[in-house]
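Quick heads-up: structures coming right below.
Common to both upcoming complexes is subunit A, partnered first by subunit B, then by subunit C.
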Partner chain A sequence: MNALIPSFDFQRIFIAPWTSGFETFGWIVLMGFLVTAACGLVGNFLILRRMSLVGDAISHSVLPGLAVAFILSQSRSTTAMFLGALAAGIVTTVLIELIHRKSRVKQDAAIGIAFTSLFALGVILINLYAGKGGVDLDQECVLYGEIAFVPLEPPVMIGGQSFGPTPVVRMALVAAATALLIAFFYKELLVSSFDPALAVSLGINATLIHYALMSWLSVVVVSAFESVGAILVIAMLILPGATATLLSHRLPVMLGLTLLHAAVSAVLGMHLALWLDCSPAGAMVVAGTVLFKSAWIFNPTDGLLRRWFWTRLEKPVIEAT
Partner chain B sequence: MKHRLQRALFLCGIAGPVLAAHAARIGDLSETSVAEQALRFFTFQDPSVRYALLGSILLGISCGLLGSFLVVRKMALVGDALSHAVLPGVALGFLWNMSKDPVAIFIGAVLAGLLGAAAVHLIKHTTRLKEDAALGLVLASFFAVGICMVTMIQRLPTGNKSGIDKFLFGQAAAIGAADVQLMAVVTGLAVVVIALFYKEFLVTSFDAGFARASGFPVQLIHYGLMLLLAFAVVIALQAVGVVLVSAMLITPAAAAYLLTDRMHRLLLLAALFGLVAGALGAFLSFLRPNLPTGPLMVLAATLVFILAFLFGPRHGVMARWWRQRSRAASVQRENTLKAVYQVLEAREFKGEGVSLRELAERRRERVEDVREQSAELRRHNFATLQEDGNAIYLTPEGWQRACAIVRNHRLWELYLTNAAHIAADHVHEDAEKIEHVLGEETVRLIEKRLNYATRDPHGRPIPGLADLRRGAAPETSEQGSLGYGRRV
Partner chain C sequence: MSAPENKHPAAIAPADISLEVHDLTVAYHKKPVLWGIDLVVPRGKLVGIVGPNGAGKSTLIKAAMGLLPVSSGWVKVFGEPVKDNLTRIGYVPQRESVDWDFPVSVMDVVLMGRYGKLGLLKRPTKADHDKARECLDKVKMLPYANRQISNLSGGQQQRVFLARALAQESDLYFMDEPFSGVDAATEVAIVELLHELKSRGKTLMVVHHDLPTARSYFDMLLLLNMRVVAFGPTNEVFTNDLLQSTYGGRLTIMSEVAEAVRAKD
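Let's look at the complex of A and B:
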């Protein structure tokens, strides 16, 4: 056990990253924050629409999209990757619809069938084309931009000034675009999430909004995929929104809390990863889980603790009087 | 320290799955021909082939059986959440004595899976979050803890740590005799439990409210199912891996669901499909190096699903398309028959044949189209054609069908105006559609409700039951046709 959990050195874990190693850890934390924020903002709407697991499906099926994009374009260019992910996201959405509209299989099973098949296809494609000459498609490719390597990426230089590593800049653009899109289409998203019938009567194309949300989800997922991998993305999608849902009933407040959750979990996760010497992306999710559990237990209006006090202490008193 | 972190990271995250997938193939083979490999596979010379095949078949059966309940309970994604949630348990079981001891890993994984199922239940019942969010939360947070633990184990300097990463994507080649024994025990347990408690599982799956009212311990049965599921997931981990186990639970059962409406047939078919998918996946991954077992099994299951989706005899896309087509053809024939009737009625049933020109005018179509439709009627024995093919005569069957359609149409029009008080000029469109689907029973009821009326809202006679049975044109007399619906 001693070997498994390294000794806790406050200086090394909590002070050093902010003083001596800031140019490395600052970028990691920033990247973690940006990924969680972008995913969490989109994830809020997934939770409202009860489509959290569609997010799970798309985060898996991005893999074959990337594989096909690599094979077709023979390069790791950002454009090809984004196009591949976008196509994969749309194909997944269409497949899920097709299976549950055209047969008696329910939507949950349709989701399960669609994404596992696509993911399996992606893994097989990567295995077949790995090692063959020409296509540089091996584990490194999917690993490319793993969150701890982010600070080592070549920086974006504009006019001789460095703006930070490429993945961070790209993720920042995606996160900013996500925030802008949500601000711009706030009314449409709000109405179609809460009351699709009202949305239709107001002249909002709910189907279009659905597909647009799914497409943007795949864009966010593919940009996050580079740093956190396929499965942890789902945590980034759901955790912030779920925590925010527990704490507030108002969507603007929820979106704000999502950003706060993203920041706190990124910082805490980085420290946790430093202490345990494990995957930072995993540690950030674990930190996010801790935040969620705290909200679940200590939430003043209907947290577990509040409920316990109510049933054990307050209710008997009220009933007695 | 930065270097240490990176070195640890290199082994983790997405590298784990992909490296594992890369290595996950049966046997360590050099490049040989596909035929040779197939021969080797079918002669079962290799013990590793035997174990892999037997393991794949066993896991296919148990996953198919238990997945059936998930699919009919609309809990398909519970399987997904459960299969991701076992990862920290696998890591803990591995830590127990630092080896891939099947029993320790089995116990750890089952505990983690049950904890995950309980967490989903708790989140759903104590927060505002819906089931999908609860599943996603449990799936992601357990998996993250698992990933952290796996990466921590991989950095340990001691112990035989190879193989822990294989649990992410599975490796059928790693299945040994002990694993096969465990799989056989679990599969046998699943079969026995399902056979013993078939009624309980059935009732709670289809009507939980009724089951509760009848005194079945619904919650207990739910957790029993979760326990069996956790067992099935864990034995499948070896070969399929954490990420894709849910497919082995969902896809064969969903394919079976498309083919039958009876639960016992669903169970048998799902087990069969799981078996086929497992064996096919093991076989295909043996054909060439570089082919991982788990994803191939999943694709084999998907293939079975696609076949059921397209060619299922009752619910398949092709069957539906065919039914639609044949219904459209039958509607077309009935419309032609009705047109023949209306032409004859317009000239008070004088003369028997109807020329194609008259028919074409009536239907407002070209003569060639009408000629085709007449040929279609002749093929179904509803009519005979004149030798030159320019006139059409109804056979007794044709008369019966034509009378029935006109009768349906006019009774329905009268019913709509009398009973539903719809204006007489608005009822035709509706009657045009319903005349083809009204059943004998309904028509009799409507007729009775309308006091055996003889005229539709437009004043035309409604053929009666006796006219329909006559199977011929009404008799004509000196004063002209008596016509149908006169109740002579």
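Let's look at the complex of A and C:
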């Protein structure tokens, strides 16, 4: 047993990261929170639009976008990466729409075709160019990322003052921009998600909103990529929103719960990773899943437990009347 | 198929025209759904759009609002292209077309009717909230304002959609089967509301499924089956011959039509 489950040292796992190790673990937790928050906020709208799979698709098909950007620019500059990801995201969205509209293939199948083909293209491009021309794009890194290295990244220095590791600062900007964009375009997002036909009849360009959302999704995905990888991104696009869906019927409340979910899963995930000595990104997803399951089971209005009590306790009363 | 019968196109002064459709053709996957629709609808009329399943009733109102790509033809609303006059159009989609589990309240849905008049980046003001409450009160749904929409019955959902359309404060309304799946009380309430809107000079284009009630509800009828079979005052258009050519001799429906025509005599 001891070999499977590491010993639980409360001091090392729960106290130390907040006292002696804060400079390292603080950045990891913050990064986890920012990634989960940004992904979760966008993810809420994906879930509402029944497009959860599109998040999955775009986080995969960003790969060829990155590869092409590297090949063309011969650098790993942030700008090139963003542009490559953005282009890939838009190409994926257009491709899905095109396959869906211009053939008899349904949308879920269209998503499956679009992202697997683009992902495959990305793999081939990296294979072809990985050794040549100095393109170093690690497939492992793209898929799994490594959030633990975040504190070691060079900090952003403005006027001699350090603002934290570059990926964290970048992610903070993206997360803040995500929140602001949702706040500014809340009513357009709301009406075009709920009733696209009404949106168009009100003069709101639902197609434009769709592409804008997809483009922003690409931006969020690519900025989260390096530190946490595609797999965590996919999980974090869906988990916070899905958890919030179980707990509230009001979109603003759901968006708030999404942020709470992000914070709690980042902190719990970090502790879990310390205990099991595993990837913090993976541990954060596990923590987020635990939160989802807790909401599913213990939700006081219609959780599993409550439903169980309904069928056991309340049904006989109905039968008696 | 009989030639389109459009009773008064030339007789209406341009200022009295609410909706004008010219040679509108819509196709899905190269199969025409609507073919050469010509229509001139006067202001202040309550128009029922009837026809068999697949006749293109919903397609017609969606195309008229610019929600669908059209193969040919044009649509003018109050003398201008429909795109320039969207704020004067109100829309009640089919109830089934939206997800009623969506995390919004009744109030949120009615407020959406105000979005067209708000600009980008603007939030609904107190005046918009007041207007929404007033519209909810008109359909007797004010006590439900803070309910989540999934807790509503079919009739209540339809009333919410009508309140939203009222909140749009439009001059021309397109309604897609507002009577489908509603209770008797709601049906009466909707008819009253339609007549009230009409009396205030609004034009209403209502897709309707039920022939017998179509006769009593609407002052004009548009008989549609891919083409305009007939368009005119209800008592002129609701005839055995025209209904037969609309429904194309479908037996199950023919008995219904015969009954409806008998009821008229």
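The rule we apply is simple: the second predicted complex is superposed on the first by the 306 of 321 C-alpha atoms of A that agree within 3 Å, B and C clash if a C-alpha of one lies under 4 Å from a C-alpha of the other, contacts with A are read in each partner's own complex, and residues count from 1 in each chain.
Throughout what follows, a contact is a pair of C-beta atoms (placed from the backbone, for glycine too) under 8 Å apart; a residue touches a chain by one contact, two chains touch by 3 or more.
All values derive from a computational prediction rather than experimental measurement.
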First, second, both or neither for A:13, with subunit B first and subunit C second: neither
Partner chain in contact with A:232 - subunit B first, subunit C second, else both or neither: first
Which superposed partner A:201 touches (first subunit B, second subunit C, both, neither): second
Subunit B versus subunit C as contact partner of A:245, first or second or both or neither: both
Partner chain in contact with A:83 - subunit B first, subunit C second, else both or neither: neither
Touched partner set for A:128, first subunit B, second subunit C, both or neither: first
Doubly contacted subunit A residues - partners subunit C and subunit B: 50, 245
For the subunit C and subunit A complex, residues of the former touching the latter: 62, 65-67, 86-87, 89, 91, 93, 97-99, 102-105, 108-109, 112, 115-116, 118, 120-121, 123-124, 148, 150, 164, 168, 174
Of all residues in subunit A, those that touch subunit C in their complex: 48, 50, 184-188, 190-191, 193-195, 197-198, 200-204, 245, 248-251, 254
Interface residues, subunit B side, partner subunit A - complex: 1-2, 4-6, 8-10, 12-15, 17-19, 21-22, 71, 74-77, 79-80, 84, 95, 123, 126-130, 132-133, 135-137, 139-141, 143-145, 147-149, 151-153, 155-158, 169, 243-244, 246-247, 249-251, 253-254, 257-258, 290-292, 294-296, 298-299, 302, 305, 309, 312, 315-317, 320
Touching residues on subunit A, where the partner in the complex is subunit B: 3-5, 12, 21, 24, 47, 50-53, 55-56, 60, 99, 102-106, 108-113, 116-117, 119-121, 123-124, 126-128, 130-131, 138-139, 142-143, 146-149, 228-232, 234-235, 237-239, 241-242, 245-246, 273-274, 276-283, 285-286, 288-289, 292, 296, 302, 304, 307
